[in-house]
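By written order: A, B, C and D. Residues from 1 in each chain.
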Amino acid sequence: MSDNTFGKYLRLTTWGESHGLAIGGVVDGCPPGLTLNEELIQPFLDARRPGSSKHVTQRKEPDQVQILSGVFEGLTTGHPISLLIENQDAKSKDYSEIANSYRPGHADYTYDGKYGFRDYRGGGRSSARETAIRVAGGAIARQILGDQISLGAALVQIGNMPVDRSNWDWAEVKKNDLFCPCAKTAIKWEEYLHKTRKSGNSVGAIVEIIASGLPIGWGAPVYGKLDAMIAGAIMSIPAAKGVEIGAGFAAAAMTGTEHADEMVLKNNKPAFLSNNNGGVLGGISSGQDIIVRMAVKPTSSILTPRRSITRDGNEINLSTKGRHDPCVGIRAVPVAEAMLALVLADAKLQHRAQTGRDGAAWDK
Amino acid sequence: MSDNTFGKYLRLTTWGESHGLAIGGVVDGCPPGLTLNEELIQPFLDARRPGSSKHVTQRKEPDQVQILSGVFEGLTTGHPISLLIENQDAKSKDYSEIANSYRPGHADYTYDGKYGFRDYRGGGRSSARETAIRVAGGAIARQILGDQISLGAALVQIGNMPVDRSNWDWAEVKKNDLFCPCAKTAIKWEEYLHKTRKSGNSVGAIVEIIASGLPIGWGAPVYGKLDAMIAGAIMSIPAAKGVEIGAGFAAAAMTGTEHADEMVLKNNKPAFLSNNNGGVLGGISSGQDIIVRMAVKPTSSILTPRRSITRDGNEINLSTKGRHDPCVGIRAVPVAEAMLALVLADAKLQHRAQTGRDGAAWDK
Amino acid sequence: MSDNTFGKYLRLTTWGESHGLAIGGVVDGCPPGLTLNEELIQPFLDARRPGSSKHVTQRKEPDQVQILSGVFEGLTTGHPISLLIENQDAKSKDYSEIANSYRPGHADYTYDGKYGFRDYRGGGRSSARETAIRVAGGAIARQILGDQISLGAALVQIGNMPVDRSNWDWAEVKKNDLFCPCAKTAIKWEEYLHKTRKSGNSVGAIVEIIASGLPIGWGAPVYGKLDAMIAGAIMSIPAAKGVEIGAGFAAAAMTGTEHADEMVLKNNKPAFLSNNNGGVLGGISSGQDIIVRMAVKPTSSILTPRRSITRDGNEINLSTKGRHDPCVGIRAVPVAEAMLALVLADAKLQHRAQTGRDGAAWDK
Amino acid sequence: MSDNTFGKYLRLTTWGESHGLAIGGVVDGCPPGLTLNEELIQPFLDARRPGSSKHVTQRKEPDQVQILSGVFEGLTTGHPISLLIENQDAKSKDYSEIANSYRPGHADYTYDGKYGFRDYRGGGRSSARETAIRVAGGAIARQILGDQISLGAALVQIGNMPVDRSNWDWAEVKKNDLFCPCAKTAIKWEEYLHKTRKSGNSVGAIVEIIASGLPIGWGAPVYGKLDAMIAGAIMSIPAAKGVEIGAGFAAAAMTGTEHADEMVLKNNKPAFLSNNNGGVLGGISSGQDIIVRMAVKPTSSILTPRRSITRDGNEINLSTKGRHDPCVGIRAVPVAEAMLALVLADAKLQHRAQTGRDGAAWDK
């Protein structure tokens, strides 16, 4: 990972600001011969799109992706795939107040500190708008992973209300506006979000991402561990403040007899009796589901006035109007799923480079 | 991060197995003219050293580091610094049982799956023995960071017993064998660990790492975020299962009014009223303390027999004898601190490359 | 250098095919606060532009570059700079013959071998059209280098006719269509090229690139040598078959007394009596002019029929019609200059990262 | 390539100075299961070893390589391979003269400029002693390439005396001390070198390196071109001043009808009628022999006094005594061969990562 490039074997480089002409990205290292077109990418972008429900920002962006290179007659050529999405609803307005003040919890202060000035329109490069291209890149990563590997993500907590896991239904995730896998919980969350927004506030959330169907052997030891790559990828999502694998932080309170996933033979094949390690052992995929959770902080942009300072050194009370998500964790769901897809596709290519195989030694 | 190399601008490449002749590493990209010698590194290694108390593995290793290159007349030359530590207490014994069985929670099964076979002596490359070189690398990173930046790490939870934060004393961390910042908590933990070990079990833990004195501006947006780098670095530590920054997972249950750190002027200088963001805003250091927590799973190697399978496809009950840490989180404390030092030194060099400055634009 | 990305500290990633909708690139790692706009880039693109004289391809492309990100109020922000050039004269014609045959000296055969198929329209990704973005990237690199460093490039040989060096005039390079630093030689070359084109043939050339004003200290030892970086960069230009530094291949026939550049004091400052090393000693800039030469092969696309084979395994006689440069070395001149600019900007950032300085230790 | 690390998919990181305790390196990314031991590496080191004939430096180094990690029971494990060679004949002597003066043609002046000071003993990091580890790394690269690919290198010119190519005999290369493929030329060269050394002088040379048996498809377009990688690798060898592929600089004087390698069918398989492109088309291997030539400058360390300056600003006449090669091109032969092996192994892994194949699409 190098500033604006993600991945080593499969590389996604993104560019663009919230209120520029467009945002975009380049996917390099993609295998040739894979089916790819805009229609395969668009559904993932639609899931992340702003303005799709009252629980997310009301900025209206069709987020229509264009593929400008790297595809010929419907197939990837092995050359860089250029992706472009126009910014259509970038409001031209008076930015003088934002330009001179530091919004609490935002990158305004640190960008000025690092670069000496900043593109303040809509947060510029620090805007979560950049994540649209991650989602597009994730759709390409899925084509590399193939049908054998399935990915899913859901919101599992809003505020202090966890989802009812006994009622988990993946189909439900696509039915409600909150990526909630339990219909009843979704209703409770909607009410709570409504109140939160009305009161000029916002709230945090937890996202869970799961990948199934991995072979044994993806990832690498030491610094290239699959879980280390995942942690870096997930924490690079705007507003992410924590990431855990398998039992995660709960592992701290567990004993060795509880945590270590025992193995048995099922139908003469190796099987695990639990998955506290979240599908990764020693940094390498074990064939079990990859289980990741991400903590997302509450949106920093809120109507309720907060104390802050201006660029020229005065104290102010700042109320952020604009169009903002009351719970930025919602739209982080498809983004987190895309980042996991990108990590796994990268790991697949690493494994191929070093071993010449797609899967385990014994699957050769 | 590329398999066995950590960092982009400052790069640490490590090598070696638990029971080979030696372990070592190479630090590349180090600025010239810094004071460096073995005596500056050794204290950090001593803190991580096995056999130093009854709460850690009884393997006896002096862990004397040798600098083989990159230093001339006591100063770094700007050329690669080669570090070497001999393995002295690698027991030559009968490994046939380990060779043929997969220890639950270990990399045995996944290494065989990825590579087709493995160096099973003491876990080979998957052994936490590799982390000694991380600690040595971290000591070099500290020289790059200079005196202005201070780092500290402590154990803040063992099992379900958190430290008494009202009684936090950094001096205490160096006094007890558990890196515990509260003397009373340390006694409770020692008793619990004693029982745990006696019962052939192990337990998880949480480590907290803090860095103070950073300028505003280190880190980069998007994929090079300082917190993303930290998350990847921390999760690459053996047995790590979770990482969080600032309020971390607790942020999920917070509202925007609670979480967003308000700013004021103190003595005419910008100041924050809280630090829920853990010293990072938009991926870039804000000048506040960097606060990181890592969840460490319980040692998988326990005396209590666990179900597992053999390489040739039979079910077994496996009791791991050997010399193992009952709480691997203890020795992870200096390792986590070293990883944070390496990330920060890398970020310092990134900032210099792009801006030509060590600190904030207004400190020029 | 990683497939479609050039550079480590300053990174240019390019994308696009000869006959796609557009070509483009992303410059990442650029320092903030530099003046940048399309007008600063365009003159360099105009120098490389096709259709500008009868000696180059007659494809008409205005090559108007658009900056889509990374610049705010006329200054670079430190964020990725997205560059885009539309393809306007990509002829829609019958490609069936090209699609099925391998043009000698081209990438047709090897692309099919590597990827299984190829975008055959105008050579797809293998077309020198990609070099327009290198030229745009080079213009940005110049802004990073600043006014102190000046770059120039010229054609010094066409066929077996070297330029008359005794008559070298940098101003002349911009006056004729051949980047020739001698007006008389230019006339001879023009006549020769006219004949060559008429006879359905093409010819090779040698380009010389010079950079002045470098401080002492850019570059790095071993694999990061400044001359190694230059060699890789130059050889990545389409049709390049050789690269040399300073005396280059002539050094093979020299003795140590002739070659080693002696040093003296001039006005109390270190000075060299010759520059056989081309401004690089031990991989690091010596403050002398960087002198590089590149051999360019004759255009492979010629009217004269050549023997070749088809994709489906038949022998053919192939005459390449289309619009092609009779001497591809001409338009390689601004491309080579751009690549040297990119290498030097990368080296400047490397030097800053490691030493915290822009120049020599004694200039601090 | 990143300062002291070579390669992207297969990475060699080297360390060590001429007069330190040892030199060494780490090979990362190596496929598992390959046969490897010291005996496989040693013959290549012996070919490069100093003191092996009167035509090379008289420093006596056994150059016995030790493998410290990454190999288990005679096979590579897929983990980093640590290589170490002790420095045994590093003379402890009075370096005060060297410490204070800048040897013409050496890195003394530029190292001081970049780093502020230098390890002056035997040239420190700038010494060609580092190339021993390249040769060891090249031996590992050969194991990755396998038996199908063969590499050879020879000296083809010393001073202005080219080898008699009509009399080329690969077997002869191993028989004489000069890696000369013609017995008669070898005798002429030996006489000339004897005179050159006696007169306190040195001379340049040209090395040719050839690789056979490559599949079609290794390499990548644009910046990852196989010939660009080779050019960077070769130019990183100490004293290299030029590199060319196939016809190289001679291509400048050729026409398109002469240069473009025509294709025919031989035994129903694609075949080329010439190899002016040196086995690379569009940056990707064509299946023909890879042909590379490197220009090596005359040794800068000569007995004949040369003008130079001291660190503290005085003019001097410098005669370099010590133990030096009269023609450093000789020992560059095995080094160049090793670098080509490293590039090709890297390209093999790149090709596998992206395509999942070792060879051409039609060889699947």
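What we mean here is this: a contact is a pair of C-beta atoms (placed from the backbone, for glycine too) under 8 Å apart; a residue touches a chain by one contact, two chains touch by 3 or more.
Not measured: the values here are computed from a predicted model.
Student: By the contact definition above, name the pair with the higher C-beta contact count: A-C or C-D.
Tutor: C-D
Student: If you average the CA coordinates per chain, which chain's centre is most distant from that of chain A?
Tutor: Comparing chain centres, D lies farthest from chain A.
Student: Taking each chain's centre as the mean position of its Cα atoms, how many Å separate chain B from chain C?
Tutor: 45
Student: Could you please state the distance in Å, as a whole number, between where the Cα atoms of chain A are centred and where those of chain C are centred?
Tutor: 39
Student: Once you find the CA centre of chain C and the CA centre of chain D, what distance in Å lies between them?
Tutor: Measuring from centre to centre gives 26 Å for this pair.
Student: Residues of chain B that contact two or more other chains, please.
Tutor: As it turns out, chain B has residues touching two or more other chains at 2-5, 14, 29, 32, 78-79, 114-117, 125, 221, 350, 355.
Student: Which residues of chain D touch chain C in their complex?
Tutor: For this pair, the touching residues of chain D are 1-6, 8, 14, 102, 104-107, 109-117, 125-126, 130, 157-160, 196, 201-206, 215-225, 227-236, 238, 240-265, 268, 270, 273, 276-278, 280-287, 295-302, 304, 306-309, 313-315, 329, 350-351, 355, 360-362.
Student: Show which residues of chain D lie in contact with chain B when the two form their complex.
Tutor: Going by the criterion above, the answer is residues 2-5, 11, 13-17, 20-24, 26, 28-29, 32-33, 68-70, 72, 75, 77-82, 114-119, 124-125.
Student: If you look only at chain A, which of its residues touch chain D in the complex?
Tutor: Against chain D, chain A makes touches at 9, 29-32, 78-79, 221, 349-350, 352-356, 358.
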